[in-house]
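Quick heads-up: structures coming right below.
You will see subunit A twice below: alongside subunit B first, and alongside subunit C after that.
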Partner chain A sequence: MLQILTVCGAGLGSSFACQMSIDAVLKELGVEAKLDHTDISSVGGAKADIILSGKNFEKQFERYNLDCPTIFLDRLVDKNEIREKLTPVLKELGAL
Partner chain B sequence: MQILNFIIQNILTQAAVVIGLIACLGLALQKKSIGAIVSGTMKTILGFLVLSAGSSVIQASLAIFGDLFNKAFGLKGLVASIEGINGQAMTDLGLGSEIAITLAGIFIVNIVLARVTKFKYIFLTGQALLWESTLCVVFAYFCGLRGVPLILVGSIVGGAFATLMPAFAQPIMRQITGSDDIALGHFCTFGYMFTALISKITGNKSKSTEDINLPKSLEFLQDTYLSVMVVMVPFYLIVAIAAGPETCAQYCGDTNYIVYMFLQALQFVTGLYVLMSGVRLLLAELVPAFQGISMKLVPDSKPALDCPVLFPYAPNAVILGFIFTTIGSIIGMFLTPMLGLPMILPGVMSNFFAGGTAGIFANQVGGRRGVVIGCIAHGIFIMILPALLSPMLGQIGFQNMTCTDVDTVVTGFFFMIIKSITGIF
Partner chain C sequence: MEGLVLTEKNVKLQVSADSWEEAVRIGGQLLVEQGCAKPSYVEGIIRAVKELGPYIIISDGLAMPHTRPEEGAAAIGCSLITLKEPVLFEGDDCPVKVMICFSAVDSESHMDILKMIVEFVERGLIDDIAKAETYEELLEIIKTK
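On to the complex of A and B.
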């Protein structure tokens, strides 16, 4: 199944809130996926098909060689922004 | 009767089992499949046990640090870590079951208050609720409450804080986010509003932090555990050098004392990392259950979310807020012994999250100058308050730690006031 990972500083609060918003968006789109959230220190070893994080973490991601698409959000819990940015990636991966 | 006794002694006093049962109930209420209920319940129990493991690593490291600090400087040093406080209360003090049930109680009181009052805030930051639940239980316990009254009082006070604190911050939240859709669910609200007040008086709103180009090298500070290391390693090394090799020898054996204390500092971070992974597992099922149920019962509710949700709105203010809060907390660290209180070592986690958010609040109402002055004041504020609370925490059994998040400290003062009022009669 499609794996989507959200990332924030401690991997507890805002990535989790973001994950719950993504969950709602995916339900609207009718896409099934396995969701999880983690902290920025652990993302180097993480396995996922799509990673989402806040814009403020964009530079941090440059340290890692991630081979999956990454999406950076201005507003972590804004469903419209998530839908807008996630839909093309889902189409590209053939999930939509 | 035997069965009942077995249930009470072996199930309801085992915090891991209690929290698993609460998760099980939450999943069942959402009508999840049997498979999802079983796996969710097991993962929640696992989360609690991982949290306990992390807590003992933190405490082992802090015990060495606290002892050497005392020998080196002749005064008591406390590390500000609400995560550590939670870990110790749930495991060593045997209050885990009460904390778990109170957490569920806070969920219920929050939903009821959001439903019947005009404050439509549902507090969704799970770890903040866990800390608040911990402190409510610890203070109610300190006031002499036990069993059901303890859980009831803890739930009501915690639930009231969970509903009212987002409302308190909302006037400024509306300015920051430009909408009324989300609220702030992070128990450092008194600190944020204090910072905003200072910033408003001293600052100039028109010169925002977001127009400055900050050096890129500062961005590593966003990496939470890395920045905890950056601060804890110097603390441990200063203590090692001040205590000297002979004093350290009882702990480090044949290992060089500097190397040993360097590794002990990393042990602290290790414990924190493990503890937080435990909290993540513990909350993974509880928070969505709470969210799902609350959305059904309070349809017009606003989610109160963890503070980093705000960080993309003003990333420079976050970095500057962290730096100036840290400067303020170091000033506060030297001030606390002068007031006859133990020396409090700044908590890096809260300096970053609370400091960063304070930076956003300060920037919103007072621009750059507001951030500098407001956040230095914030740093002092968040050191003095936990210091005032530490003698009481010491009596309960927290020897090397004190709280960080100021709303939980205010909860403590609240209980103390109630205790002294009822003491009169």
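On to the complex of A and C.
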């Protein structure tokens, strides 16, 4: 199953809230995925098909060589922004 | 569970703060007073935001200050403050008017607090919450119709 990971500073608040909003968007789109959240320092070894994080972490992601699509959000719980940015990636991966 | 819901003890409305740090300390102090966090947890939030950027701003006007439990969280808890004058964070253009601090003991069990916060955003309540003058007004705004 498609694995989606959300990332924030502490790995339990902003990323978890973001996960809830993604979950709601995926339900609307009818896409099934396994969702999880973590902190920025653990992301290097994380396994995921898509990663979502806040814009403020964009620079810090550069040091990790992640081979999956990464989406940076202005607002982590904005369902419209999530839908807009996630839909093309889901299509690309054949999940939608 | 104590601290899990918004009460008169963990809500402070129309607070004056000169900076985001001061606002986080005021909201964080409510967690400390409820026995949910040590003062080190509050300072840990400020340090993490300085180091990692304003990851605690999750929607326009709303920040949810929190950090890792190891910094001194004792129990799950939350507090809500609104600011008389919004505060700015470095790295984000949008002023913050509402702060919901929370403490967590692991990465999952504070889910109800996050659900409440996400629900406030989805119902578009943040601006109204920011304007509330009394606890009763706040309750009226957040109550589910």
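Here are a few things to note about the model shown:
Methods note: the second predicted complex is superposed on the first by the 96 of 96 C-alpha atoms of A that agree within 3 Å, B and C clash if a C-alpha of one lies under 4 Å from a C-alpha of the other, contacts with A are read in each partner's own complex, and residues count from 1 in each chain.
Methods note: contacts are C-beta pairs under 8 Å (C-beta built on N, C-alpha and C of every residue); 3 or more make two chains touch, one makes a residue touch a chain.
Everything quoted here is computed from the prediction, not taken from an experiment.
Under the clash rule set out above, the superposition-derived model of subunit A with subunit B and subunit C contains a clash between the two partners.
Touch criterion not met for A:81: it reaches neither subunit B nor subunit C. In the superposition on chain A, contact is made by A:39 with both subunit B and subunit C. In the overlay built on the shared chain, the residue A:17 is in contact with subunit B and with subunit C. Judged by the touch definition given at the top, the superposed model places A:49 against neither subunit B nor subunit C.
Within subunit A, the residues touching subunit B in one complex and subunit C in the other are 8-14, 16-18, 20, 37, 39-40, 54, 56-57, 60, 75-77. If you check the complex, the residues on subunit C that touch subunit A are 48-49, 52-56, 58-60, 64, 66-69, 91-92, 102, 104, 106-108, 110-111, 114-115, 117-118, 121-122. Residue ranges on subunit A touching subunit C, taken from their complex, read 8-14, 16-18, 20-21, 37, 39-40, 54, 56-57, 60, 75-79.
Touching subunit B in their complex are the following residues of subunit A: 8-14, 16-18, 20, 23, 37-41, 54-57, 59-60, 73-77.
Those residues of subunit B that touch subunit A in the complex are listed here as 124-128, 177, 182, 186, 216, 219-220, 222-226, 273, 276, 279-280, 283-284, 287-288, 291, 303, 305-309, 311-312, 315, 318, 349, 352-353.
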